[in-house]
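Two complexes, one shared chain (chain A), two partners (chain B, chain C).
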Partner chain A sequence: MGESTVSQVPINKIRRRWKVISHDYILRKFIRSLFIVWAAITATFVLIHMMPSNPIELYVNQLVMQQGITYEEAKDQAATLFSIDLKKPMSLQYIEFLQKVIKGDFGTSVLSPGTPVADIIKEYLPWTVFSIGTGLLISFTLGILLGMLAAYRRDTVVDQLLTLYASIFSAVPNYLVAIIILVLFGVQWGVMPIAKLRGVLSPGVKPALSWVFVKDALFHGSFPIIVIVLTWTASWLLIMRSSTWSTLEEDYVNVARAKGLTDGRIMTAYVGRNATLPLFARFALAIGLIVGGSVLIEQITQYRGVGYTLLQAVNRRDYSLMQGIFLILTFSVIFANFFADLLYGWIDPRIKVGNNK
Partner chain B sequence: MTTPANYQDYVATHEQAALRLKDISINYKAKRGIVHAVRNISLHLNAGESLALIGESGSGKSTLALGIVRLLVKSAEISSGKVIYQRDGKTMEVLSLQGDALRRFRWAETAMVFQAALNAFNPVLRIWQQIWDTAKAHGWRDKKAVRKKAMELLDLVQLDAERVIDLYPHELSGGMRQRVLIALALMLDPQVIILDEPTTALDILTQRTIINLLRDLKAARNFTMLFISHNLAIAAELANRIATMYAGTIVEIGPTDEIFYHPRHPYTLGLIRAVPTVTGGFEKLESIPGSPPDLIDLPTGCKFHPRCAFATERCRLEEPVLEKIDEDHYAACWHWRSVNPKL
Partner chain C sequence: METITLSAPKHIWNSISNLIRSLWITLKLMTYNKVGFLGFLLVVALILFSTVGPYFVKLDTTVKVDQIYMTPSAQHWLGTDHQGRDVFSQIVHGGYEVLEVGLTAATIAVVIAVTFGVLAAFVGSWVDDTILAITDFIIAVPQFAFLTVLAAIIHINSMLLLAAILGLLNWPALLRTIRAQALSLKEREFVEAARALDLGTPHIIFREIVPNMMSYIVISFSLATTYAIYQQVGLILLGLVPFSGNNWGVMLSKAWVRGAIFYKGSFWYIMSPVIAIALLQLAIVTTNRSIEQVYNPRLRTDM
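== the complex of A and B ==
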């Protein structure tokens, strides 16, 4: 009897804590995201470590065969590359790996020994975020505006033209669009300075807060940005068009008309705002696809971002670099999901954010 | 002064009416053909009066109401008629209003409380924002004054104004939302308020409070009311006059008591008999046989004849027009003399 009352106190306390956590939208989502990050890191560890013919084993064998060093020496080299100490027990290795990843230490590159993977990512990731991110922002804005235009001009020539464009470009993969542009404008008609467009900056231009730098970055980024805008605008347009359609059918839009609101006010605050709600969640999710979506485009446009780097790493079996980029990719998707949840809770009052009394 | 024998003349004599409909017809274009939703309706609403439009689903009541505020869907067309609105000596031809003039007519002159009031509010804007939007659209610039008036009106519809005004729609119950919409309808002091089945989506107790509220508001604010319902009992409580609609046209119109105790159209009689009474029990309850007519392919003659117990050869061939039965009481039936509610 006495024991049970004593042990009930902490249980109630835990329950109350749990209630606070489960009722707090942001906290709940945050904890979930942390859990997924942990799961992703763990999965990576398991993959490179425990699977048969895993990257470490492959690399060790490669070293033994090519350089004729002993198995032990090769293992030491591999350990530094993957930032894992293979001599320690598995559990300790796992904890060390966790600590290092959290600190941003992803080991060193296989192909350029001594260069930390984190540095390589730091060098190339910003360019991808700049080019694909700019493309995403432009396509999102354009897609919303054109989608609304198409919905408001339903079944007119404007709508038909926009829908035709959108159906084609949302169905064709973006790397194909990039290739077609390259072949037609670059090779066939020669209006595109392909050689000058290569890379992220012209030789001699250094990152600085200057107009020359911005202009040059935009010039080199223009090809991937145009490809992204062409293809992603199409998808946003189609989603926005159907979302606007269903919003236009809503009772409150009709009531707003009955109340004598101006067309402009109805279009922005009653139709536009409500129709874009579902798109914002998708937008946040799309942020997570920036890294993943850049791989093929950057290859074709010869834009040296993180996607280009990833493809090179794959081609040359640079496992530690691949591991680092994959982790970044995973983190960005998880972050985007968390951001989407936050954004949705913030723009749609029907989703409770934080503690409501 | 006795009322004219011809119904059109009768409507025409009410020159001062707040709202006068002259021979309104509304069609919908459908794949199968043209839907004759409203056919040649003439009607007047005197200032301060309350008229109930009664009929089954699909009888054209809501279409008529939407036609008056020009909110019909694109596939609908007002093929003929005039809507004349008058207030303080100013006259408007509603059907020829365009652009801003039409926008200003809506809500400020004729407000409409919708059937689906549960979704009448934008879910992502606070109640206050939606009230302010409405006031602003009609030239109000003083936020404080609007808020003060909104609070008074919310108070009037028996809501906790302080709390409700800053809530989001989903934080209110169905009955509360309907009250907010009624309060909002009063915001710009419109002369006419159209209520399109304002209690349909609500539970029975909430219906009762809304009806009581409307009756009190009507007494206090003296607006002109067009009440649309399929519920005769509710209509009788609120209306001075009742008009029965069948197949897109008015088949009987008259003072509430007349319609209730001396209905002269078999359809009105059927509607009254289909309502259970507290004292009558269920044995007297009768439903009208058959179903409402196909509005694309209407029956010949009187549109009600396939369902009517009084129908004769004449009913199959000729459509009756509204005929004077008593003072202010008109019915469109060849056999109105035989229709006796006491039988």
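== the complex of A and C ==
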């Protein structure tokens, strides 16, 4: 009797704690994000360090061949680049790798020795965040507004035109949209200053809190931003249109009408708020596609963000830079997802209570 | 013995006529959505164009320096490229590989998504949790960046390898829809009835659940095809997958690398593969509307 009560107390305590964790929406999402961060670091470690003919081995062999140094010396050099001690057992290497990545230490670039990968990322990442963030914000807002417009004006010319636009631009790959813009506006009609648009800032302009800088950054970012807005507004519009349709049929909208609420109030507080929920549910998928697609978009638009740098690192076989950028991009997606989950929970309080995903 | 041999042809004939009839009904249902049917016809046309076309149009790869970047004419329907070769014949020969990789990758992705999606929905508990955790993880990885890095580490030197990689990467989004659908079907009366009759899990899954998810599976397949075409052409465009063969992506990549995009006279050379890929993607996505028409009787009553 006495024994069982003693042993049951901690179990109950753990169970209660677990209940608190699994019922706290934000905490649950946070733990999930941490798990995915860990999984991403581990997967990268396996890919870069443990696969047969992995980059480190390739690099060591390359050093031995080119510089005629011994295998051990080459290994030492590689170790400093990838910030890993290759002599240690794999499990220790893994733990060390985890610690360093968490501290933000991604080793040094293979091609420009001495330059920390973290510094290179710090230089290019803000531009990608700027262009993707702006593009996403504009396309999300436009998609919601135009999607509602199409749904409210169902089967009119406005709806048909919007749907036609959305069907085309959500299906055609975004890099093809960029190429078409480039060929038509840039080359054939010559209304787009391609040469001036290259890069993230005009020569001579330094990052500062000035109108000149903001204007220049927007000018150079306009091409990738326009491509993201054109293609993603289309996707958000289609989802918003169909979710507004189904929301308009809900009982609570009829009740609101019967109560005599104004159309504006019904549109924002009743229909709009509920109809945007499927967009948030799709966000996790979208952000991964947009961030991954930045490699393509930044290459076509010659916008020197982190995606552009990743492709350069791949072409020059700068493995440590590649590894660092890939991890940072993955972390950005996970962070954006966590942020979207918080917003989702704020807009739809029901999901905070329920155990559904 | 005699009765069996006599009845066998009749039996086969019956099933063939049944098949033809159901195909006919399916086609008729697809025409209910005009735009969707147009997309479907375009998909069929593009598939025929890329599979049968090469037998009729010869590919001439000899370099003709005096015929560079010609505009469309009776002899060269879409003009010529940077080496004076006919663009139209390259378009005819370039679609097969794009479709091959797209369809193979989609098959792999859909098989994984259906198998594990239904499994997760049916078994539940830790199996469901594990499958969902892996799904969440793969969705969090920025796919195209991952493919870029992967192309640097392993040499993706064959179509089949590329298709396999794309297939293994593209299932998570499909799995989520399949799983959600299986979860809701699981609670329906007809599944409960099958369970009450003790028909067994395989029967319930393959005879009750999967046929009722057919629209989701077919739409997943067409979506997976578009993902794979997007990634495939993107990888080739960036020169990360070294293909020397004829492929719409290779045409684009060559135009990009040679800076032909910035040359006014190369308009037809660049726009041909761009339009071909864009049309294919658009046609596949539009077909989905007709597929919904076939499987969702509720949409039909509106017509």
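The rule we apply is simple: the second predicted complex is superposed on the first by the 332 of 357 C-alpha atoms of A that agree within 3 Å, B and C clash if a C-alpha of one lies under 4 Å from a C-alpha of the other, contacts with A are read in each partner's own complex, and residues count from 1 in each chain.
Keep in mind that, in the parts below, contacts are C-beta pairs under 8 Å (C-beta built on N, C-alpha and C of every residue); 3 or more make two chains touch, one makes a residue touch a chain.
Keep in mind that this is a model prediction, so the values were computed, not measured.
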Fit or clash between chain C and chain B when superposed on chain A: fit
More residues of chain A are touched by which partner: chain B or chain C? C
Could you look at A:269 and tell me whether it touches chain B, chain C, both or neither (first, second, both, neither)? first
Per the contact definition in the header, classify A:254: touching chain B only (first), chain C only (second), both, or neither. first
Chain B versus chain C as contact partner of A:295, first or second or both or neither: second
With the two structures laid over each other on chain A, which partner does A:348 touch: chain B (first), chain C (second), both, or neither? first
Looking at A:95, would you say it contacts chain B, chain C, both, or neither? Reply first, second, both or neither. neither
Is A:111 touching anything from chain B or chain C once the two structures are fitted on A? First, second, both or neither. neither
With the two complexes superposed on chain A, say which partner A:32 touches: chain B (first), chain C (second), both, or neither. second
So, does A:180 touch the first partner chain B, the second partner chain C, both, or neither? second
Rounded to the nearest angstrom, what is the minimum C-alpha distance from chain B to chain C in the superposition? 7
Of all residues in chain A, which touch chain B in the complex? 250-252, 254-262, 265, 269-270, 273-274, 277, 347-350
Across the complex, what residues on chain A touch chain C? 32, 35-36, 39-40, 43, 47-48, 51, 53-55, 167-168, 170-173, 175-176, 179-180, 182-183, 186-188, 194, 284-285, 288-289, 291-296, 299-300, 307, 310-311, 314-315, 317, 319, 322-323, 325-326, 329-330, 333-334, 337, 357
In their shared complex, at which residues does chain C touch chain A? 132-133, 136-137, 139-154, 173, 226, 229-230, 233-234, 237-240, 252, 256, 261-264, 267, 270-271, 274, 277-278, 281-282, 284-286
As the complex stands, chain B meets chain A at residues 69, 71, 103-108, 111-112, 114, 116, 119-125, 133-134, 137-138, 168, 170, 181, 184
